[in-house]
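Taking it in order: structure first as structure tokens, then the write-up.
Letters A, B, C and D mark the chains as written, and numbering starts fresh at 1 in each.
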Amino acid sequence: MTKQTMRFMSDNTATACPEMLAALAEANHGLEVAYGDDPWTRRLDEALGTFFGAPVRAFAVATGTAANSLALATLTPPYGAIFAHREAHIACDECGAPGFYSGGAQLMLLEGKHAKVSAAGLAAALEAHPVSVHTVQPAALSVSQASELGAAYRPEELAQLCKVAHSHGLKVHMDGARFANAVTFLGCHPGDVTWRAGIDVLSFGATKNGALAAEAVVFFDTTLVRDFELRRKRAGHLLSKSRFVAAQLLAYLQDDLWRRNAARANGFARRIGAAAGARLIAPVEANEVFVQLGIEGKRTLRAAGFEFYDWGAERAGQARLVAAWDQNESHVEALCAALGRLAED
Amino acid sequence: MTKQTMRFMSDNTATACPEMLAALAEANHGLEVAYGDDPWTRRLDEALGTFFGAPVRAFAVATGTAANSLALATLTPPYGAIFAHREAHIACDECGAPGFYSGGAQLMLLEGKHAKVSAAGLAAALEAHPVSVHTVQPAALSVSQASELGAAYRPEELAQLCKVAHSHGLKVHMDGARFANAVTFLGCHPGDVTWRAGIDVLSFGATKNGALAAEAVVFFDTTLVRDFELRRKRAGHLLSKSRFVAAQLLAYLQDDLWRRNAARANGFARRIGAAAGARLIAPVEANEVFVQLGIEGKRTLRAAGFEFYDWGAERAGQARLVAAWDQNESHVEALCAALGRLAED
Amino acid sequence: MTKQTMRFMSDNTATACPEMLAALAEANHGLEVAYGDDPWTRRLDEALGTFFGAPVRAFAVATGTAANSLALATLTPPYGAIFAHREAHIACDECGAPGFYSGGAQLMLLEGKHAKVSAAGLAAALEAHPVSVHTVQPAALSVSQASELGAAYRPEELAQLCKVAHSHGLKVHMDGARFANAVTFLGCHPGDVTWRAGIDVLSFGATKNGALAAEAVVFFDTTLVRDFELRRKRAGHLLSKSRFVAAQLLAYLQDDLWRRNAARANGFARRIGAAAGARLIAPVEANEVFVQLGIEGKRTLRAAGFEFYDWGAERAGQARLVAAWDQNESHVEALCAALGRLAED
Amino acid sequence: MTKQTMRFMSDNTATACPEMLAALAEANHGLEVAYGDDPWTRRLDEALGTFFGAPVRAFAVATGTAANSLALATLTPPYGAIFAHREAHIACDECGAPGFYSGGAQLMLLEGKHAKVSAAGLAAALEAHPVSVHTVQPAALSVSQASELGAAYRPEELAQLCKVAHSHGLKVHMDGARFANAVTFLGCHPGDVTWRAGIDVLSFGATKNGALAAEAVVFFDTTLVRDFELRRKRAGHLLSKSRFVAAQLLAYLQDDLWRRNAARANGFARRIGAAAGARLIAPVEANEVFVQLGIEGKRTLRAAGFEFYDWGAERAGQARLVAAWDQNESHVEALCAALGRLAED
């Protein structure tokens, strides 16, 4: 009998969910004006405005890196400084995209528990950063919801962060690659962790949570959108057949699809986290589980058919286990059992 | 009775063709490694190598602007000069993308009949461009197949152009947004107008010819691909669920789908061109028809329900009529009839 | 007897004039606050304000390329279009500096007699340039005073140009590498060809006219200066010992030194132009003389010890003869005589 | 009696030394070919080659920021990572210049005692930095000699650093804004802390040590110089009257002028350091003294007429005292006395 492969590598390994594929097929008739002047794309602002409970301007793109770096380039001049957590996706996993898009803005990397930036940490960093013609100019804060360690910022944490940021003239960007997972965990209104807290621009991810390839850049502060639109076109991120990406996003918002998918993934992660017990190195507040397995523990799990990424250096013995929206439940059960066995060793 | 809208604005207004949607659905099962290490993406090099009759390295992206500017950024240093026709898409319709991606390379725009660059024109431009530390350094030639005026370069034209370019140290890029249309018109082998003629890198378009959003950057000169891969990631053009774009491209190559779609669109254009007669301002060698209608003529057509773009200034009286792969045949017939009536006026 | 070399290559081959060297020595005592907060630099705004008859903000840099491209980067976004003459220094002789500094703005090159842009030519180009998300956004016009062919814009020409530019939302930059020569020729007030005509920012050159290395970027529209200051620092063009470059500029303005140097160079050029007679290909309105000598004529002059640059391709037979502020008068006489002899052939 | 101002703010507040001014005056005769093809500039490679005891290619620029960032842009691709100390000048005091010049390369900032990077620290950082298409690619290490805290790297420290760097494919850049001070302190040969240790490119500073404005970028690895030359021109850092900056550099090397100036400044710093005693927060190995004075102590010194910069946040109570080559000896004595009095409090 062939050993079965059970993937917990990334929610990017997931399929596209049927509802979004159906929406795509449904949009596929007739000649529609290209580059966004179609009924689907034109509905985005309203649909996302309803979702967030506030007027927004929203723009579809195909990847999270595009969403993040286009948003940041709109918020910061080339000589700007972007504050973010040392482990942020924009700092570690986008091959320097913010530097490229902004024309060389500098990342100012902060420490913080569970990969979250704290208001106190930001305030201290800003105080320690002199502002003169010799230094990069503080321009933006970028936070990840959920964080790179799967933790969710509470509304009040964000409000405090935004207050510090705004009082120093910074705009605030949120990388919401797993926004649905965080909001579902928090049980709050989407507006509570965005505009009500002071977020200016959000990268609203859908790809990891069921889309083929669909992200929206959502502006709560709408003064900068023309600059954004030109940067998007110039970067090759304005899709000609825009209706297809817009249709995915509309379906995602429809009937709480985003929440159903996220809830399923989160539920799996919670079960895995419970099985991991004392091995957890961060709270499970989205669909990712970070565990200390030891080199031996990782070897054992892999030998049993589980696929996952090391977290940090291989020899540090830490691992990231991600539950996708379409994860096979029996694989989750098998993983929980395997983690339970490890605990007994 | 409501007047019917008949769109001849752009092949970007088209739908996605059923074969490519089916391929997408077929790829939609199981957890697959993200960012290109999946079976569909891994098959691209071989499939396109077979198509071109030569070993290639191919990379999927979602838009033509991304394909063009990433390719050009790989070919030219920031202080480089990119030679292209004055009406090229990269010069007029990409919001300065080549400048952004290359870090400021300069376009050197050439004249040329039917929006095609000639070997003599290129040679003259190179001769007139001094090379010193004070000047931008000639680095790349970019040609569009078909051209912005719907004309197709013959294999020998391209061979001569590439010879001039290579002898001056330039690499040659082809913008193949309508590559299938040109090759179908020419009736030649895809290799004849690419690597056999000396093309180094091709933007191989599929979106205008039936895909949702799928283009491939095809390297015949494979020495530069690592640089390309990093630039692509950094630009946010590496798709996480890469299988979906790769699946579209594989379907596009399967059973000559590319040719069937192109042949249908080309056939419609040929009919429209025939109806336009003496009004044609360029030969119809792909799926676009450029006509001198006069301000009055354009008004008449639009009043009859036809939608299309002005070509150049509105008052110049020229128009571009594009036939998409899924164009409604009765609309084509109506357009031909209307053009015939114009002729009689 | 050794044949004497008589250089008419460039005013960049000139020495620094004694008054400016003396000013430099005079500034050389005591410890002064660096990076511009010294008495010399602080006096620049006032001195140049008096010179122009209007409030200005002025910033010293060491080269004309720096002045031009920093000014343009302040005026244009990365997705902007910069209109300039096809032969402008920024287009031909700065190795793509405007593209580098702006983050990829695109040059839109215009034709125009004697290397001058005309209001009609600019208006036509703007009308032919559609503005949409697909196109680079018209942002700046750059004119050279004197032009690359040594011609001077009249105040009313500039006023008309600026009117067209401003009415389309463009800012206007003047490359004044030979500003003193042009103003001296025109006999007008420096304000007449700058702010009174509508110029927003001027690269005010002194190096070619007697400085060691000193140029000023002069803002008549002072809203953008903070952006400029940060770009200058970031580009390495904020000099630590700023007093030395400021001292040169102050001396240059003192007692009409700028005019005396320019008048001397212009006078020589006028004499050379008179000797060239019908060979002139542009009017002599500064310190440069452009002549049609033929290949043979150029050979004859070079054989006689004269050094100068070809203008355009070598075989076209044209030459540029530049008179520097410190040109040896006997060399000028010898050149006039030689040109006279050519005429007789 | 007016209280005297005694400046210990920066060596950038210093005058230009007489020998270098004399060299400048001496170079000021005759028309010389511009942009570096003059006898002074042509002698630079040989003069610096003799100085370092190895063949070099050297290029003059006017500022240290230009030297550093042009060198780094030549060593790193846009998607590269530049490793440097967290307090490095390139990270803190150049307004993001490396990001601008490189097209967005990312700084990877390291800790290290006395603002020096250690081989172990670099090795750990490289090991912790995964190299994949998602991450910036390690490209360069930049070290400062002397460091931002006035400490000098020993030859063997540099050799170890370069060994780690080179074994990971990084090139090594040295910011030598105070190179002369460090070498004079170390008493070693200039080659010992550059090419013999493995340095690939050096920013060789002269401005802080007596020049008006003169720095040289010195390539020990000469393969990249053409790229550098084009980047320099394009950045506006190729001086037209190149002889004047070259003449300064030649004078600086002549008769050990560099060492005499540095020795004087270093000697003053040593005396100040001795007076500071236990207040020192870093060893005095160049011409800078870093001291813990307390808020009160700083106030006392300032009240006595001493000018200097806070080091870090004002309230941290630390200060930087810099001795320039032309520092007034009586001011140094006064400062030492004042520091002595502080100690007694």
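The definition used in the following text is that contacts are C-beta pairs under 8 Å (C-beta built on N, C-alpha and C of every residue); 3 or more make two chains touch, one makes a residue touch a chain.
Owing to the predicted nature of the structure, the values given are computational and were not obtained by experimental measurement.
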| item | value |
| --- | --- |
| Copies chain A and chain B touch via same or different residues, half shared test | same |
| Between A-D and A-C, the pair with more C-beta contacts | A-D |
| Centre-of-Cα separation between chain D and chain A, whole angstrom | 41 |
| Distance from chain B to chain A - Cα centre to Cα centre, in angstrom | 34 |
| Centre-to-centre distance between chain C and chain A (centres being mean Cα positions), rounded to whole Å | 51 |
| Residues of chain A engaged with two or more neighbouring chains | 35, 78-79, 94-96, 100, 103-104, 133-134, 230, 233-234, 238 |
| Interfacial residue positions of chain C with respect to chain B in the complex | 78-81, 91-96, 98-107, 109, 127-128, 133-136, 312-313 |
| Touching residues on chain C, where the partner in the complex is chain D | 7, 9-10, 12-16, 21, 24-25, 28-35, 61-70, 94-97, 100, 207-208, 212-213, 230, 233-241, 244-245, 324, 326-327 |
| In the complex, chain B residues that touch chain D | 35, 77-79, 103-104, 133-134, 137, 227, 229-231, 233-234, 238 |
